[in-house]
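Here's a structure for you.
Naming follows writing order (A, B, C and D), and every chain is counted from residue 1.
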Amino acid sequence: MKEELRLAPALQVSQWLNSRQAITLEQLRGKVVVLHAFQMLCPGCVSHGIPQALAVHRTFPQESVAVIGLHSVFEHHEAMTAVSLKAFIHEYKLSFPIAIDQAAAVGPVPLTMQAYGLRGTPSLVLIDKAGYVRLHHFGRVDDLQLGALIGQLLAEPASPAAVADIAQGQSQNGLICDAQGCPI
Amino acid sequence: MKEELRLAPALQVSQWLNSRQAITLEQLRGKVVVLHAFQMLCPGCVSHGIPQALAVHRTFPQESVAVIGLHSVFEHHEAMTAVSLKAFIHEYKLSFPIAIDQAAAVGPVPLTMQAYGLRGTPSLVLIDKAGYVRLHHFGRVDDLQLGALIGQLLAEPASPAAVADIAQGQSQNGLICDAQGCPI
Amino acid sequence: MKEELRLAPALQVSQWLNSRQAITLEQLRGKVVVLHAFQMLCPGCVSHGIPQALAVHRTFPQESVAVIGLHSVFEHHEAMTAVSLKAFIHEYKLSFPIAIDQAAAVGPVPLTMQAYGLRGTPSLVLIDKAGYVRLHHFGRVDDLQLGALIGQLLAEPASPAAVADIAQGQSQNGLICDAQGCPI
Amino acid sequence: MKEELRLAPALQVSQWLNSRQAITLEQLRGKVVVLHAFQMLCPGCVSHGIPQALAVHRTFPQESVAVIGLHSVFEHHEAMTAVSLKAFIHEYKLSFPIAIDQAAAVGPVPLTMQAYGLRGTPSLVLIDKAGYVRLHHFGRVDDLQLGALIGQLLAEPASPAAVADIAQGQSQNGLICDAQGCPI
């Protein structure tokens, strides 16, 4: 049975850092979007996820690939405030736009994290040129694998209809990685 | 001005290891070929190039990506004989086919190395599904960059004519990395 | 001319974490003390200094070597509060006692940092069994070098008078590393 | 029961490289000797043991610590000849003296390897100033641990009789690491 692709849910953001204005996924249609969900005090994010997000930002031209950090705090909320995050961004020289995930009215998990069904941090979400979620991964992804996925998404046409066709086909054909691996 | 793509020259091989029979590039049409030129006593090959070749071999299915090692000895010939190479392959658990580059009648540089114009080891050559050389790099390539290139080549159609069109276009548009970087 | 060794200044601490009670250097006489000054949002501390302090804590028995973390915040004070530090300690599984360096009445540099004349974070201070400062280093120290220093200090007798003699002699003989290197 | 220390057996060497003349352990009395047994085609030697031996050579002054490489080939003999080893030493820029372990008349294990009872490569043997074997380890040793051992041995007096006393005592007191770890 064919798995349905779904359009990436809207980002729900209380504050944008490293960006003068709010960014919407609609504005990024035509680009491959690399959404990196992290917490500033998550060791795996600091040692692996964030350096990888910086490398993606450095390697690919911004006209083709948009890197967005998503600060999705679901524990130690009082320790990872906007004030602390700003110092973290400064010290780690993070250069890409970072969205603070909107806290929920009830419960510790913020709204964008809920909407995407993220299981923890670091998580990586790849969104194609037409706005569909094509990878959704909790934990570590190898650079080689991530590069291959971005390369494939870059090679797809920018027209939403064409992309959707390809994406459906590729999903059906198992062309794109999932949390279990990279069966290209 | 548009740079002409060239078909990958034939491999000139005195002996194949890890393969029961000789392999030709013609047989690999339809696959992306990752040609990794190395010398067994080259420190950069051992620390970086060979682990990367193994990672490519492990990450991508063999139906799509063919990894070929090319032992191109241009110095210390007496120290890197076939006997030594076989022990090296065994100890480092190299699993992909390895071609011993054919020694020249005159001079230290073997024939395939000459034909490709390789500047040293490690060198990486990427050949697309239609047999054209699309990357030619001496030294270290980041995993992220290499993954992106392989991903793009994988996304191209397998039909030689179509590929040649795309390849020419991409070369013109600066879509593919060269020794200076990765302006995808 | 012979450089005078000096007794390690007292720790001035607003709060102890990972310890039920305040620790004084006097209590640690007879042990080698490894004082690791850090800030929780200092990238070099997180990537190198803190893992090294954990390794020292794990490698040497606590009867011989005492590892003390010193959280010396001299910038982004509002981002590195005790609340944030507690979450950091929990997430990074820091197991050794950590002292929060007492803020100064005036100026950003806390009191212990001032007393030791630390130039920044990470900084490493080695105190011998008799309480004398034997190494004072800002930045990265190799594990091999640090191990050699701890090994030498461990080999010294525990009696304060004897240690002082040795220490004076060794300082004179250039046996112990300083910020410029390790001329053992 | 107290374990007897034993004097390091003589090196049995077919050829010295990186040294104009043969070196005997007797000549090195008064120094700490770090004997690094390796094979040039052993991956763990190349990735870990040899870089560590180079770091020891670079970190400690040669008046205090002598690093000796011991090429103990016990497999693939035809692949690791003196000719190949010389190219390896040149390519990896090994700067310390290297002894080729004398092949046995019968069997694959060379004579020094037999005399020391080495279990494989890489192996590390530490010999104190009086010529006693104080560490004997097959596999990987952490830099921190190795530094601590060298530091302790450096701190011992150079007089053979005194050293022997200390060594016996330390062995009894469990001060020195063995293959199981580092219970200083």
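Throughout what follows, a contact is a pair of C-beta atoms (placed from the backbone, for glycine too) under 8 Å apart; a residue touches a chain by one contact, two chains touch by 3 or more.
Listed by chain with UniProt protein names: A, B, C, D = Redoxin domain-containing protein.
These figures come from a predicted structure and were not determined experimentally.
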Next item on the list: With centres defined as the mean of C-alpha atoms, identify the chain lying farthest from chain C.
Entry: B
Check: Measuring from the mean C-alpha position of chain B to the mean C-alpha position of chain C, what distance in angstrom results?
Finding: 50
Notebook entry, point to check: If you average the Cα atoms of chain A and of chain C to get two centres, how far apart are those centres in Å?
Noted result: 40
Next item on the list: Take the average of all CA coordinates in chain A, do the same for chain B, and state the distance between these two points in whole angstrom.
Entry: 32
Item checked: Multi-chain contact sites of chain C, meaning residues that touch two or more partners -> none
Notebook entry, point to check: Every touching chain pair, please?
Noted result: A-B, A-C, B-D, C-D
Next item on the list: Note which residues of chain A are touching chain C in the complex, please.
Entry: 41-43, 46-47, 76, 78-80, 83-84, 86-88, 90-92
Next item on the list: Under the touch definition given earlier, write down the residues of chain C that touch chain D in their complex.
Entry: 52, 55-56, 59-61, 64, 142-156, 182-184
